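Chain IDs A, B and C follow the sequence of writing; residue 1 opens each chain.
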Amino acid sequence: MIVKTVALLGHKDHGKSTLIGSMLMQTGAATQVRIKEAEAYSKKLGKPFEPAFILDSFHEEREQGMTYDTTRAQIKYKDIAFSLIDVPGHEELIKNMISGASYGELAVLLVSAKSDEGIRDQTKRHLFVSRMLGIERLVVAVNKMDSVEYDESVFNNIKNGLIGFINRIGFRKEDVDFVPISAYNGENLVEKSRNMPWYKGSTLIDAIYGSFENARENYSSGALRIVVQGVIDQERKIIAGRIISGRLEISDRVDVLPIGKSATVKEIIVKGKSIDAAEVGENIAITLDNDIGSEMRGNIISKVGSGPRVTDTVNAKVFVTGSIGNKPSVKFNGIDVGCKGISVLDVIDTTTGEKTEGKDAEALNAIDAKITFDRKLPVENYTVLKELGRFVLYSAGEFAGIGIIED
Amino acid sequence: MVDNSEVKKAADALWKEQNEDNWKAFAKALKDSNAEYYKIVFANEGKLNRMQDLTKSYAEIYDAKYHQITKIPIVRNEGKKVRGATIYLVGLQVSNRVNE
Amino acid sequence: MIKQDLNALEEKSIYIIREAKLKFKNIAALWSMGKDSTTMLALARKAFLGKVPFPVIHIDNSIDFPETYKFRQDLAKEWNLDLIVAQSEIKPDLVGSACCGKNKPETLKKVMDEHGFDALIVSIRRDEHGVRAKERYFSERDKDFKWDYKNQAAELWDNYSSKLDKKGHIRVHPLLDWNEIDIWSYIKQENIPVNPLYFSRNGYRYRSLGCTHCTVPLRSEAKTIDDIISELETTVDEERSGRSMDKEREMVMQRLRSLGYM
């Protein structure tokens, strides 16, 4: 079964655990045993039934005072399974949020409809980062509709208040859905709520499902790009790598960049078997007719004459998480590369999506910047090929941000 | 018919004295016997609080029809040092039989 | 339990195992002879042209099941493994549940120091326990093997941590995304040898394997891999059912200890 990863964003108090608990219950992923345990535990605390207690480890956490408050829940729906990643909020460092959300293929943003729990700046930043991380589709779940008497105007106000920002940071209108829900009562999650007849759209799970159904094509038709991991057999000069775009065949003439040598593919081995051609996504081992040397890690193999551009200077959008200093370094496709310099072109306020005057790269803002690496690298614009257009920024060994190459 | 008297004798020797020779002799006798299954019984109902609970634990050895042949200690008691000895049961299968 | 796309899981694991081998100077793997770590070795063989390219460590407290010893002996020979058996001592006051939690890490620490390993492949899965939700594929451990989950290195876009605290090491988790049912489906697909203790004998089988003392069998009639897979297809959280809350709490503590978190 295909498993799609959903990043669940939003402030803790807006009901993330309750949402996951209810979804597990309504899709049949939670057993009667687990539900009974949750019932018993709610009772013990003198509370009405709390769906959040269905989550694995939830009561352990409370009992032991341990705060591993994330969990991974898998939910089956029709022919797809969803892995929900609970993205850490304010209580954790931003690098944990970024690491979690980077695996998301879709984001669900949970916002409370309660007037005193409106969307916070930090949640907006998380949306901004999610878009930079490559998440293209978004479902905004407006929660706690039961506490505002299922009022359509509350839902519309939240929607209208957010849509401008969402579009400004790069989500296309047709890629964003808004769903009014009550996670606690389980309304509009899997089954349609009777209390909101004014809402004609799909339930939350159908909105998520629909997003994947309409997901755009991957890079199988693109130009050949192989990221080289290294040489795994020094004697036979066997090179290991992963095809991130295109297709490779025996006898293909290829370039190895930035080393700048050409060769012909002699042998392709996938999972221990010699084959004639390999496709995108496959981890391959190959031999070439030309000795490229053993220092190949981070090189890109492409069809001869149609490789990525090789440059030491890029314009990039960078989300800054700490002090970047004058000479940061980057991790790019598994290798560490130093920078000669970074200059700020302009600053983007990540809570509004608007460019502002400024030359300072302050934490939690984004910048447009010109970066000069200490060597030439094979790169692509992020919009052309994600894998060759993104990097992680470090300063003095500390995580300082993430960047995407725009030019 | 295979005679199990050798393995019984070797096991008895282990209860009297545990040394390298006795363990080796047991392993050889076990191979030549028609032992098929083992079952490990931990002393003190499995609550191992003291070393004694472990040194008093044992493995029962059965033939293919679940007739008990003998039993042996499951740790090697070498003075202050204690080592497990289940490796000497290699070749047998766990019985999982609930006590009748 | 959700059965995932085996091909996608396999590709990701191969990628991670290769990254680990190529990034670190001196890497080893833990091998308990259980289904997970044996599957990991099968994946390593696929990634490295039929040969497991690193030493495998068995932390042996010498009261493992005889079947396990037999399995170790046979597979080490068949797959030509560079096997390191690290004998863990049984101390009088630390037998029972404390054994896995304390004795085994101590022995591991010793063997890692002796060989100077800077990274260790461990075959844990996220679906084993909620506490593992925060694990990274490359996870830092300090010199005392402690895991500072709140302040881990960022991990994204296939850029993994190689930062090493002077005496610490990196734990590499190539099976993190796999579910229990995926492991069994893959074992079937690839015909990977497994310890016979996983199959039912006299109405019981072992779902996970530790030593003879801390491992209890569960009621099951599953005598083949297919039986186990169909058993798991209908299992949601069998492991927890039938336990009282107090008992549960005790089990949780014990499991956390054995998972190396406490």
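We adopt the following convention: contacts are C-beta pairs under 8 Å (C-beta built on N, C-alpha and C of every residue); 3 or more make two chains touch, one makes a residue touch a chain.
Small disclaimer: the values here were computed from a predicted structure and weren't measured.
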Chain whose Cα centroid lies at the greatest distance from that of subunit A: B
Central chain (by mean CA position): C
Subunit A and subunit C, separation of their C-alpha mean positions in angstrom: 27
Interchain centroid distance [CA atoms averaged], subunit A/subunit B, Å: 55
Subunit C partner contacts - residues on subunit B that touch it in the complex: 38, 40, 42, 46-51, 53-54, 74-75, 81-87, 89-98
Subunit A-touching residues of subunit C, taken from the complex the two chains share: 2-5, 8, 10-11, 14-15, 18-19, 21-23, 45-50, 53, 126-127, 129-131, 133-134, 136, 149-160, 163, 179, 236-237, 240-242, 245, 249, 252-253
Residues of subunit A touching subunit C in the complex: 1-3, 29-31, 33-34, 37, 40, 55-58, 60-61, 63-64, 66, 68, 70-72, 74, 76, 81, 86, 92-93, 95-96, 98-99, 102-103, 133, 229-230, 232-233, 238, 240, 242, 269, 271-272, 281-283, 285, 297, 331-334, 387, 390-392, 397, 399, 402
Complex contact set, residues of subunit C against subunit B: 61-67, 69-70, 73, 87, 89-90, 92, 95-96, 196-197, 201-204, 211-213, 217
